[in-house]
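In what follows, structures are represented as structure tokens.
You will see two complexes here that share chain A, one where it goes with chain B and one where it goes with chain C.
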Partner chain A sequence: MASDTVMTRAPAAAQATGSEPVRPLLEAADLVKHFPIKSGLLGRSNAVVRAVDGVTFSLYPGETLGIVGESGCGKSTTARVLMNLIKPDSGNVLLNGRAPGTPELSLKAFRSQVQMVFQDSYASLNPRLTVEDSIAYGPTVHGVSGTDAVRRARRLLDRVGLDPRRFAGRYPHELSGGQRQRVNIARALALEPKVIILDEAVSALDKSVEAQVLNLLLDLKEEIGLTYIFISHDLEVVRFIANRVMVMYLGRVAEIGPTDALYTGGRHPYTTALLGSMLSMDPDERTMEAPLAGDPPNPIDPPSGCRFHTRCSFAESVCSAKTPALTVSGTGHFTACHMVDPGSGHSKAAA
Partner chain B sequence: MNTMSDPILDIRGLTVTFGGGPKPVRALDGVDLALGRGEVIALLGESGSGKSVTLRSILRLHPPKRSRIEGSIKVEGIDVTSLEGRALESFRGKTVSMVFQEPMLAMDPVYTVGQQITEAVRNHEKISAADARARALEMLTLVRIPSPERRLAAYPHEMSGGMRQRAMIALALASKPHILLADEPTTALDATVQVQILLLLRELQRELGLSMIFVTHDISVAVEVADRIAVMYAGRIVETGTVRDVIRTPRHPYTIGLLSTRAHGGRLEGHRLPAIPGSPPDLANLPPGCAFAPRCAIAADACRASVPEPVDLGGGHRVRCFRTAETVNKVAALAPAVTS
Partner chain C sequence: MVQAVAPAMIDDATIERSPGYWSTVWRRFRRDPVAMIALGVIVLLILIAILAPYIAPHDPFRGATLRRLRPPGTPGYLLGTDELGRDMLSRLIYGARLSLFMGVTPVFLALFIGSAIGVTAGYVGGIVNTLLMRTIDIIFAFPSVLLAIALSGAMGAGIVNGLISLTIVFIPPIARIAESVTTSVRSLDYVEAARASGAGALSIVRKHVLGNVLGPIFVYAMSLIAVSMILASGLSFLGLGVRPPEPEWGLMLNTLRTALYTQPMLCALPGIMIFITSISFNLLTDGLRSAMDIKA
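Up next, the complex of A and B:
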């Protein structure tokens, strides 16, 4: 039943040009994850970090969904909950309509279809395994014979642009950051997944190397028909790679929509401010005024109602009283702002 | 901006080699850099290009036992490389001060922000504790920290990332330095906070007439703050010029590559980013010629044989490349696409 509400909420599949609604590949329904803060001698918890607080979205086959937001907005926690690396307090994740960890979709089968690449290319590889062994490890666990797994690892190394004759026997410390991230991508591909979650996967790379890895990701996506969730703080890179973008603020979805619509006509004041913080690259068009003052508030004790109301120049009393729901604001475009919701009581909302 | 006749900081032929490892690493190789009074230069480069090593050399922060420093660094006519003892202590902080990337690591966690600023002031000036405290308050006000009296008593961990970086800037400016060195001061910050800190630094630089070197890996940050940009690659400055010259008419193939490599605007279906092939060189095994030659599309035999000397293109635009005749027309095609 949760899946139905998700379907009706986000029917405009990214590039679904046809009339038939596309079935989502991966769905997140009302995910909540709070982390208790333990303090004092007895380790009592007296506060919680509301890292993810009611996040709902769908991922459609073949698209790249970008997730952007500032530190503490919950984008990485969302990724970890999606991957089942941490259990949500409530809400659920569905792959093709089935929940992982149930008889109809074991966790192992789920993980072979959803893989993840992390920011720290070094920490995510076992330093005592050669890169070939690291890539072959997953397939052997999933029942592929040793020789076949190694053959697959070599083919993947070649595919991500690392000559297996030179690189197969190397250890992670013998590679550059860009090469290591290619190994991590090859490893993520080893189980032939459908979805890859990239959590700041290119953020630690130098710009000249980042472009190579972005191109590789695009090539792989087209060839293998992958679906990506691309999490990044780099708004330029997300604009380049994503079909749809989800903007998060303090554990909630502020806005989600097609990349162009969002970047050229974002409806949430936070989206506008965040995108307004992108620098122009034009010495004659320098930024003269910061779009927002101060830092994002602490997710331990987030503001009531719309969490952005403390920094929003359009905030009215309704904003601190009531949490705005995601409301249609365009084709496949949803915004959680009282100004977009007719009848919310905000003076800028259509009555 | 025509202050080059009397630069406040003049670096000539700076070469820094680090020992200690299996092979000596040449982190800087013949860096020449002149900073005019009231000028802001951005040192732009990727990891390992030598931008932070250059900054640290100016403050003499490299461990003397494991590093060999050649060439000269002159600040207001004084040879920095020969400073010792009290003179060096006074130089650090009073003449030249620095803002680091991670204020949480640069500040002392067991003292309040007020105590740290007060201590810095009293190290350099003979003033009473009360006066030093007044200065600390003045500094926090200067960097636009809300309710500064209350913040004087705050510990670094009690502040948000943006506030901490403001406090770090206050600390660096408390002893009224003439030159401010900033090492990726906004890299660890969120986008909406980064803009605030960049604007603050730009305003303070103008108000106080500071001369500034700003290290960054992000071209768009350099464009926001700098008068001139110096692009570094493998320990050498490969291109310098005004921000406009470097951004609009880059002439070194590496700069051209960096600018075209940036994801900018939306992507058309099937479109790929122009990417510089390969990866930055190993500083312990630099090629004999131009360090960029192995990745350069237009490298010739000469490029692999010897290191190019700077070529002056006029207006202070200098490029270390043998092939500048080939790069002159690369520009129009590379100008970032205008997106509205």
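Up next, the complex of A and C:
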């Protein structure tokens, strides 16, 4: 797995102006996470779900990296591995070049710098705690006194647009979905993190509320100088909020690059197909046929070579034989497709 | 979007508070007449047990061969006398002490130990869970009555041995409930979020798990009190729990059975007390369960 994955080198994509190399804030190097399927009397695992199978990328300070892909492509698992909520089978995560759980960077210190907002706003709040107690919990874990933590919680509530006088003493079930998600954002902010991973954080909200929360996220990013990883299946939202986008397919990175370059000139057939599924606002440009048929193959037994070859209209024999490596296909733009890789043997590739 | 309230104003502001979970449960519970009556009966029984020396008309231990097995309604002996001529009313009043004690104590001990086992197994998971829960399953495989009798029989009669054997009987079911509730809570996002904030396992269990699992475990344990009372009475009836001449309802039922054909009403009295107490605990549990079933 490690051999066929090319490390993405700092493309400095987030900073469209600067050309000097920027040190990545967070790096994922060849992350692999397979979930064993337990079966049989003794619970021996006969098969594994290859949820994340060699994912490598870098996150640069101040940017928003969107991660898109169909359900089951490993977006959320990647997020949980990044958060160290599940241990990767191999590969590692580096924050400012240091691995969490080592003497230079304890897991606790890492977690105060990388926080996460979950999709289910209700399940991610303890029903027995008031809103302010939920937000204040994190800081108390890191040694802030109870009263200071509650004070911080109330200020954060104000900051995310919820009047602390009305909301601090409430329980999660008394709040609407949008309000709860603001509370979750406040909780993530309570530890003053550098990176926030938003795992489908706005997907469960109404469109109008979603827009409000997105604007709040943008405001906070500017005010505090945050860096986001924005995981979503909503391509429009990702285009709106992300500077760079990573397209995942069956546990692998298919393509990664600047948002505009990717949305206007995606090089991977999967990216093209995925973006083709976006509906146009113009009735004259209605989608006449499904751009991509069928479900993704089973991640328990993924296709050989390029995992997309079973659904790709450009598939040739090389695609099922050889795994494509991430190849430079533009400024800070990498594509894992044999057609982009010169000399791969694909008829459409440059010789 | 972001409101412009000065920090000082936020710090000093008075916060509107919603009623907490338990006050909501109590408000709902109060509206359930059956449960409130059951609670009243239990409180009354506890008061009777505490105040026994002040309200019992006679010494529960002093008998007289001349006035044996008097029927209920005998002047001076409102509920009659037992096979040794001791006042039934006084013995029933004093009996509340041991019977309630034998019913409630094992359940609370088991609640403590069983929850600790179940929450540990549920939260830690993996091999720890397998080891703890399979051990619990082995104990659980025995019918509870047989297990209580076997344990008491092996350790010998007596109050303490009775308590121990009943506690052992009740640990497995409570641990099972605790484990399943904890397993379902630990996979929820708020526990993940707490882990993501860097909290240790103990802190997470204390702040996020216990508050959400103790309620259902407690309700289940309450429902065991009635079972425990009946089992304790059963042990005493078999001569394995409380020993004569202590007044205890189960034991009284045993010693009075010789008079079953001559004074059936008299023999039924301890049984009636056991029945009233256990049904009150059951109804209380039902009320508590529905009061706690808040769809938030």
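In this text, the second predicted complex is superposed on the first by the 339 of 351 C-alpha atoms of A that agree within 3 Å, B and C clash if a C-alpha of one lies under 4 Å from a C-alpha of the other, contacts with A are read in each partner's own complex, and residues count from 1 in each chain.
Here, contacts are C-beta pairs under 8 Å (C-beta built on N, C-alpha and C of every residue); 3 or more make two chains touch, one makes a residue touch a chain.
Because the structure is predicted, anything quoted here is derived from the model rather than measured.
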item	value
Fit or clash between chain C and chain B when superposed on chain A	fit
Partner chain(s) touched by A:Y263 [first = chain B, second = chain C, both, neither]	first
Touching partner for A:N215 - first (chain B), second (chain C), both, neither	both
Partner chain in contact with A:R187 - chain B first, chain C second, else both or neither	second
Partner chain in contact with A:V237 - chain B first, chain C second, else both or neither	first
Which of chain B and chain C A:K207 touches, first, second, both or neither	first
Touched partner set for A:L107, first chain B, second chain C, both or neither	second
Least C-alpha distance (whole Å) that remains between chain C and chain B when both complexes are overlaid	9
Set of chain A residues, in rising order, touched by both chain B and chain C	212, 215, 219
Touching residues (chain side chain B, partner chain A) in the complex	46-47, 160-163, 190-196, 198-199, 217, 219-221, 223-224, 243-244, 247, 257-258, 261-267, 272-277, 279-280, 295, 336, 340
Touching residues (chain side chain A, partner chain B) in the complex	70-71, 176, 178-179, 206-212, 214-215, 218-219, 233-237, 239-241, 259-260, 263-264, 273-274, 277-283, 286-296, 298
Footprint of chain C on chain A - complex, ascending	80, 83, 85, 107-112, 115-116, 118, 120, 123-130, 132, 134, 137-138, 141-142, 151, 154-155, 158-161, 163-166, 168-174, 184, 187, 190-191, 212, 215-216, 219
Complex contacts: residues of chain C adjacent to chain A	1-3, 5, 7, 10-11, 13-18, 20-21, 188-190, 192-200, 203, 207-208, 211-212, 296
